[in-house]
Amino acid sequence: MAKPADTGTDRYSMAELMAVEMSRNLAVDDGTLGGVGGGATIPMAAVRLAILTVAPNLWWFCGGSAAINPVFTELPLTAHDPRASVGAEARAPMQRTVDMGMRGSLWGWGFNGGMQVDKYGNCNMIGIGPYEKLKVRGPGTVGTLWSASMSKYYLYFWHHNPKIIVDKVDFISSPGFLDGGDSRSRVCLPSAKGPALVYTPMCVMDFEEVTHRLRLRSVNPGYTVDDVVKNTGCELVIPPGVGHTAEPTDLEYRLLITQIDSRRVLRNYRLSIG
Amino acid sequence: MAKPADTGTDRYSMAELMAVEMSRNLAVDDGTLGGVGGGATIPMAAVRLAILTVAPNLWWFCGGSAAINPVFTELPLTAHDPRASVGAEARAPMQRTVDMGMRGSLWGWGFNGGMQVDKYGNCNMIGIGPYEKLKVRGPGTVGTLWSASMSKYYLYFWHHNPKIIVDKVDFISSPGFLDGGDSRSRVCLPSAKGPALVYTPMCVMDFEEVTHRLRLRSVNPGYTVDDVVKNTGCELVIPPGVGHTAEPTDLEYRLLITQIDSRRVLRNYRLSIG
Amino acid sequence: MASSDSATQGGDLPPQRKSKEISLRQAGERIAAAKTVHAMNSAMALVRAGIRAGAKNLTVIPQVTSNLSVDLLIAAGCVEKLYISYIGFETYGFAPAFRRAAEEKSISVVESDEAFIVLGTRAAASGMPYVPIRRIYEATDLPRLNPLLKKVLDPFTGEETYAIPPLPGDVCLIHAQECDEFGNAQIWSGNQQEIDKAMASKFVIVSTERIVSVDRTRENVDKVTIPGYLVHAVVHAPFGAHPLVWARHYESDTAHLKAYFDAHAQGKVADYLEKFVYGCKDEADYIERVGVRQVMSLMRNV
Amino acid sequence: MASSDSATQGGDLPPQRKSKEISLRQAGERIAAAKTVHAMNSAMALVRAGIRAGAKNLTVIPQVTSNLSVDLLIAAGCVEKLYISYIGFETYGFAPAFRRAAEEKSISVVESDEAFIVLGTRAAASGMPYVPIRRIYEATDLPRLNPLLKKVLDPFTGEETYAIPPLPGDVCLIHAQECDEFGNAQIWSGNQQEIDKAMASKFVIVSTERIVSVDRTRENVDKVTIPGYLVHAVVHAPFGAHPLVWARHYESDTAHLKAYFDAHAQGKVADYLEKFVYGCKDEADYIERVGVRQVMSLMRNV
């Protein structure tokens, strides 16, 4: 049975740590347009925190609310929450959203998830089992196909276990590096760099440069490399000397809980391991 | 040299008469969506008057202003005039305008014009002369191609002379009945009925049912059938006993000059004959 | 409006502008008579009315992320085919009726995605014969699973592209915050997918929290999201999105949603449907069954 | 904004949000460096700046009905190729520089129409490889005159359709009523063609009557017509649409337009250009030459 992810310390929850770490890695995206989709409570907090710290020029599209650059102090649970549109600077109609993605080069980054992810970052939202007789029918592809095909993106998962991080997904609904190597570039534009980082309650991962295999980048406080390997369903590249994900600084944490998540949604956010 | 169109009587100008007669013939369009484009001062007045009298359920798109169902008492000169958007019930973005036309069946009627029109109602906005060496370069096709192809429409002209109403246009930029007979239906949807009426400062014309040749319907007050024939550059079907266009009623005229054209733009509107 | 002025001239009354208002029951009958439905999530009162009126064998084209409105239609056995982009409750989990029906094959699923639904709807809305898109679908399993995706050559570059077909609908269900009786509707915080769905459909029904005068519509024309010429019927339906969140009106009713999930988990969906759909005389009755106190508690923070 | 709050923490200042404001002169240089321009009519200050900066051999894709902005560029010899939908002054007559240049073949004309420009721009804006449309073009002479219209088969019906190619631009010129320094722009009474033109272009310049704070932008987000992420440069240009009408700001300057027409009729276009374009130090100088009294008289009824 899955157990709740360790909160790391009394000071912060693992969801809060994930949001803070995500925010730091958005520094390289400063000045570009990206966005979040469904179930993106943690990424929404991360984007807002990045804007307050390392990436003040981010432009972000807040999924179902259609808001561009919303400003909230009460973190919404989903991008469809009307609260996710307050303080916005513009609205993006549905069709513009697809336009933004399909046009290429305009959409810089996004946060995607899935029911399964494999060692090349391919994701599955379609289902588990043969299509004719699915064991679990998934919720569907949404916009992950275009956002994964046409840009760089980040993956995040609420749970870390061998059923979610697998050797090969049952269906590809959004492309990572396909079969690894340069196979992605057979279909996707070279400027669309694919999955950059993978966030879970247990660790942060990225992809090896040439083979594009999943690689451990840092282990979240409270866990070890062995914990990660044991709970991962595919082979993982482990670089020598991989360290821990840095804890939130006082400034990051204070901004998070006063200016973004004043209702403390992330404090008790349900994540699991195993 | 062209001379100004006779104003008919001291009571009303010919532009006012045209607007009133146009408004009456919009009764059959009540409940449907249509619109006007550039240079549509007279049709704008007509549509507003129709709504106040015979067609209260008209939906109309006011060209460049993007306004749906605007309400003005100061008649704008063009649909691009910001005054043409006051009191609107909605806005139609550019792309929706093309959508409305291209979708078929949604767009019910429109007002089109041109540099030339021929005996089958085809119009030319491209130019006079061979394309390689145009004698007069026209302003271009605008939206007349789709509005003429995809719906019923009305034609109107500020001038009535043999150079404008011709046997055959130099270029077809918007289709009337093409070569007459059933030639229009080879390309256009059967529901897109093509040109219904033609308004000039001298008369109102329509098209014969089967041959689709231009036919005189009524002669504006102050002119005779002979005047019309003399100033028309193509053969015209003249039904027996063709009468005069009815003058504005007191009610029509009062509504026009108090509620639609309070600045009396149409009183001195430049029209010409010959 | 000047039409009242002309009416004072004596003689015959001039023709009047016609209201598009119909009852929720009439709207339900219209839905039940349809084959293909373009549905927005929040039109819950319309969905309940359609179920009550006996809707059957529907093909449903939902919004790109859908949840209860579609799941309830499936739970009530109204759906034959579903175009899927996303159906689920995000952080709350899977859509229970959908998941079961899809796994049991009691509904058929067209394996679509956001672009397929948005662009196919755009094609139907705009008269485009189809929408060509770059070959990114090839990076996924969708072309294998969705036979409606066809290939076509780009006549300018000679490159292979995919073609998405038009997705027209018979009826379109939309909930609005404000709408006048002529159909000009305001959807606050929406993403304007509604207008394409409306243009793609033969008959458009807008339910609305509040019916406002057309003068009020004119006051803030920038807020009008659906022009009335696209709308065929207007239904007065306060709380018409319950138990879903409705911007500036009420929060999501998580307690009610939990009752719905629990009904599924416990095999008591029929009880839920009897209590909250079939058994309700009308939507006022529905709200009384949900509980006025409960509904009032949702009217904050939104 | 909280960024100022974090700045008070001491230590290194956090990175700040960058303004996109540039000078009109810089904008002119940007235009002069471009090949293909998506231009909105009302961006007259930007057009004058482009002419002053020596723009040459431009390909211009104007809005579907265009007038002075394009005609002035042609009069100044900046244009090599024009995509035409409509250029003219409606009730006031033909566009004089265009008509002459087209008849003399000193510019080349792509014989387009509203649908061609709108849908081709949409294609460039949305990454669609081309836009298929029903064969209505066949009823006209356009396919014969415009070699960019190609035929393609509809893979669903087998029917022949026409294909419109994408129309991308290097630079896009737009005038706004209000815009913040981050590029969120409000165009009142516009028809939103601007957003497709912006998305279709590599570099987007918005000139604006008034630069407002981003807080003011947030106050009425429904009025924001161009989101700032599409905008690369913002130019402060009060009266920047003169002599054209600008909603809620000023009327069309018919006296000035008549002077322009007369200059053409009398073969004195060079004098007009010298006085109102080349000879002006900046736009304040331009407005002084037009006459402050004249400009103030336009600020009514609009």
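Per-chain residue numbering starts at 1, and chain names A, B, C and D are given in the order in which the chains are listed.
To be clear about the criterion, a residue touches a chain if its C-beta (ideal position, glycine included) is under 8 Å from a C-beta of that chain, and two chains touch if they have at least 3 such contacts.
Since we're looking at a predicted model, the values are computed, not measured.
Graph distance from subunit B to subunit D, where chains that touch are one step apart, equals 1. By number of C-beta pairs in contact, A-C leads when B-C and A-C are compared.
Averaging Cα coordinates per chain places subunit B and subunit C 39 Å apart. If each chain is reduced to the centroid of its CA atoms, subunit A and subunit C end up 29 Å from each other. Work out the mean CA point of subunit A and of subunit B, and you get 57 Å between them. Separation between the centroids of subunit C and subunit D, computed from CA atoms only, is 37 Å.
For subunit D, residues touching at least two other chains, in rising order: 127-128, 133-134, 222.
Counting partners per residue, subunit B has 67, 91-92, 98, 102, 150 as the residues that reach two or more other chains. The complete set of chain-chain contacts reads A-C, A-D, B-C, B-D, C-D.
Those residues of subunit C that touch subunit B in the complex are listed here as 1-3, 5-6, 9, 14-18, 125-128, 180, 182, 184, 195, 199, 214, 217-218, 221-222, 224, 226-229.
By the touch criterion stated above, subunit B contacts subunit D in their complex at residues 37-39, 41, 63-67, 74, 77-78, 80-83, 85, 91-95, 97-98, 101-102, 125-127, 131, 134-137, 139-146, 148-150, 171-175, 178, 184, 187-188, 270.
Here subunit C touches subunit A in the complex through residues 64-65, 84-88, 90-91, 94-95, 98-99, 102-103, 109, 111-115, 118-119, 122, 133-142, 145, 188-193, 196, 245-248, 301-302, going by the rule given at the top.
Of all residues in subunit C, only 127-134, 150-157, 159, 161, 163, 165, 222-223 touch subunit D in the complex they form.
Per the touch definition, subunit B reaches subunit C in the complex via residues 30-31, 33, 51-57, 59, 67-68, 71, 87-92, 96, 98-100, 102-104, 106, 150, 251, 255, 259.
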